[in-house]
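See below for the structure under consideration.
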Amino acid sequence: MNWGELVIALRQKVREVRPLIHHITNLVVTNLTANVTLAVGASPVMAYAREEVADMARLARAVVLNMGTLTADEVEAMLLAGRAASAAGIPVIFDPVGAGATPFRTATAQRIIRELHIDILRGNASEIAAVSGFGGQTRGVDAGEISVPAGQMARQVARDLGTVVVVTGATDYISDGERLIAVANGHALLTTVTGTGCSATSVIAAFRAVEADGVTAGAAALAYYGLAAEHAAATSRGPASFQVALLDALYKLEGEDLARGVKIREL
Amino acid sequence: MNWGELVIALRQKVREVRPLIHHITNLVVTNLTANVTLAVGASPVMAYAREEVADMARLARAVVLNMGTLTADEVEAMLLAGRAASAAGIPVIFDPVGAGATPFRTATAQRIIRELHIDILRGNASEIAAVSGFGGQTRGVDAGEISVPAGQMARQVARDLGTVVVVTGATDYISDGERLIAVANGHALLTTVTGTGCSATSVIAAFRAVEADGVTAGAAALAYYGLAAEHAAATSRGPASFQVALLDALYKLEGEDLARGVKIREL
Amino acid sequence: MNWGELVIALRQKVREVRPLIHHITNLVVTNLTANVTLAVGASPVMAYAREEVADMARLARAVVLNMGTLTADEVEAMLLAGRAASAAGIPVIFDPVGAGATPFRTATAQRIIRELHIDILRGNASEIAAVSGFGGQTRGVDAGEISVPAGQMARQVARDLGTVVVVTGATDYISDGERLIAVANGHALLTTVTGTGCSATSVIAAFRAVEADGVTAGAAALAYYGLAAEHAAATSRGPASFQVALLDALYKLEGEDLARGVKIREL
């Protein structure tokens, strides 16, 4: 497979289809992830009320559930939206932000995974370890330390949960339990801006909305996102100008720049 | 009427009076609309608790109600704030974000319009169509397709509801049921950033706070906002640098640049 | 004491320790204060659910409570987090946003101060006056007018409450009831961006997390923050480009630039 051409094709398809991505997400990244979703060419909608989340989820092409600032009410809304989406064949992408940091967070993440059909699970290594019982330790909502290589964990958790698992970090790993893909795009400045992991989840959802294979969608989305970060870093003077340049790059990146830059490897 | 001079005069008056604009708004645009309000020279306050919204509304010169991420609690707060404002003669500007997308949203928008005295109603064509029973269809919170020309709809809905109606789009229409004004300022990049419609509502509220005639305030505010977008687009490299430049332009735009640029036409 | 060297040393220590700062903050500034916390080298976590705030507070090195968009639920979460923090010897920094604007806000601020052990109280002059019974008047969440010189008020309120008090404004004052320090760094553009006061609170929390003396931490943090604002203003074209430059400067400012620029004076 020529990954460069595939990333270009999927990026183009997102712009043509303009899929609606329903987010139930956290208070820190609501604005940023809406703008990231727009920048890649999809259409974001953020809706949280129990009275409407099922209706909104059914209008969407993908549903993002992100528990960064979860409350009991929001968890109920996530379950309603997730069930409605699955019943309608709409993929659910779950971002278990901060799983492992507190018992409530870990238990909630595990409950969501148990009660919903998750199509793609995206987290950093410590979050994925926490939800899957791999041990490890989460420090706040940042990546902590885990003892199992991330790629091996991605494959094992994908197999155990029967879902596509994406473990992001300096290198990202995507697996469905059989295939395992590594994406080496990205830049250290991503760790200096809040919500860049949540934004990656939104980009994955946009690509998944137009590509039925979750592993392909996840790898292509992360290569695209990481390459945009590389371009952005070249012109920025710190974290905030980097964030501005990242969104601009997500909006503009295409063609040869994209084809040459993607670093995707099947392991 | 010389619209150029009028826009300059109102812009200046906002800066002199520095009216307090109480917002009950959505989670996506809270920060952006606060900054837009500051950039045009007004003073934003965001307050949601039922225990204080009536008190806060009475301190304000205009109240913005925006249901982008509505919940049942927030709707109650909007009704409390709206009633307190109207009782004190303070104008209420309502932004029915996403009306038409779900039954809950449409019903809530209609309830707010029925129970409160709305001074200005601002939405895109599909939202205004949804709240007024013009049919049409809303896709998420973005503009959908409607079959009636926007100007004609603005006038009809204004007449039916007895309020000023603003329908924003490539051309904006403002009507009180009799007069109908078109504003042709703006830029396509506005559709690539989340919350630019909500931001327009905040600018309208700031102008309405210092100008009793809602049609004049709405037209002047949208010309000012649209012209700032045109200036911003000239120096931006994508949606995020455009948003930064838009806020800078709202802060700085004045004098001849402003007088020459406004495109307001009475129909 | 050589303040220049002290500010450099504390700035460096924040980066080395990377303290976790738990925020329960308002909807307007959630994203901004998370990014400010990251930019100065600390690690932010925003968590609000009653089920986890005590656990999260105990993981942190400092807890920020900010009541800008308070609700009854959030107040309960603040009390739970604050009690857990104090029991574990973790400093609580309180920002009574908008105290004085409505009876609910003033009463809530006073309740938090009464029921919790506040390590540092940070507000503008009208907010500090409101919570301490100095009279004065708050206009929305902006600074109003008060009749007592800010430095004198800082010392008196610190003495009355037995806490460190920081009164920010054109000149900032920090006192523990005995010592009184004035910081003259800063720039007028800070008043054109929402959440710059809340951001100052986050920087103070990050410095306090690595420096046990609250007066020293507060003065060093505000000099650092104000100096970053001065640098940012030199290259910005309005409020939004200023905000971007401010975050970039908070990330980069160090060494001689820092040592020469701080304007701290013991009164």
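Order of writing sets the labels: A, B and C. Residues in every chain begin at 1.
Quick note on the criterion: a contact is a pair of C-beta atoms (placed from the backbone, for glycine too) under 8 Å apart; a residue touches a chain by one contact, two chains touch by 3 or more.
Fair warning: this is a prediction, and the values are worked out from it, not measured in the lab.
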Nearest 5 degrees is plenty: how much rotation brings the CA atoms of subunit A onto those of subunit B? 120
More than half overlap in residue numbers between the two sides of the subunit B-subunit C interface, or less? Answer same or different. different
In whole angstrom, how far does the Cα centroid of subunit B sit from the Cα centroid of subunit C? 33
Residues of subunit C that contact two or more other chains, please. 27, 30-31, 243-244
For the complex, which residues does subunit C have touching subunit B? 26-32, 68-72, 98, 101-105, 139-142, 192-195, 236-241, 243-244
Mind listing the subunit A positions that touch subunit B in their complex? 20, 22, 27, 30-31, 34-35, 38-39, 43-49, 51-52, 55-56, 59-60, 73, 243-249, 251-252
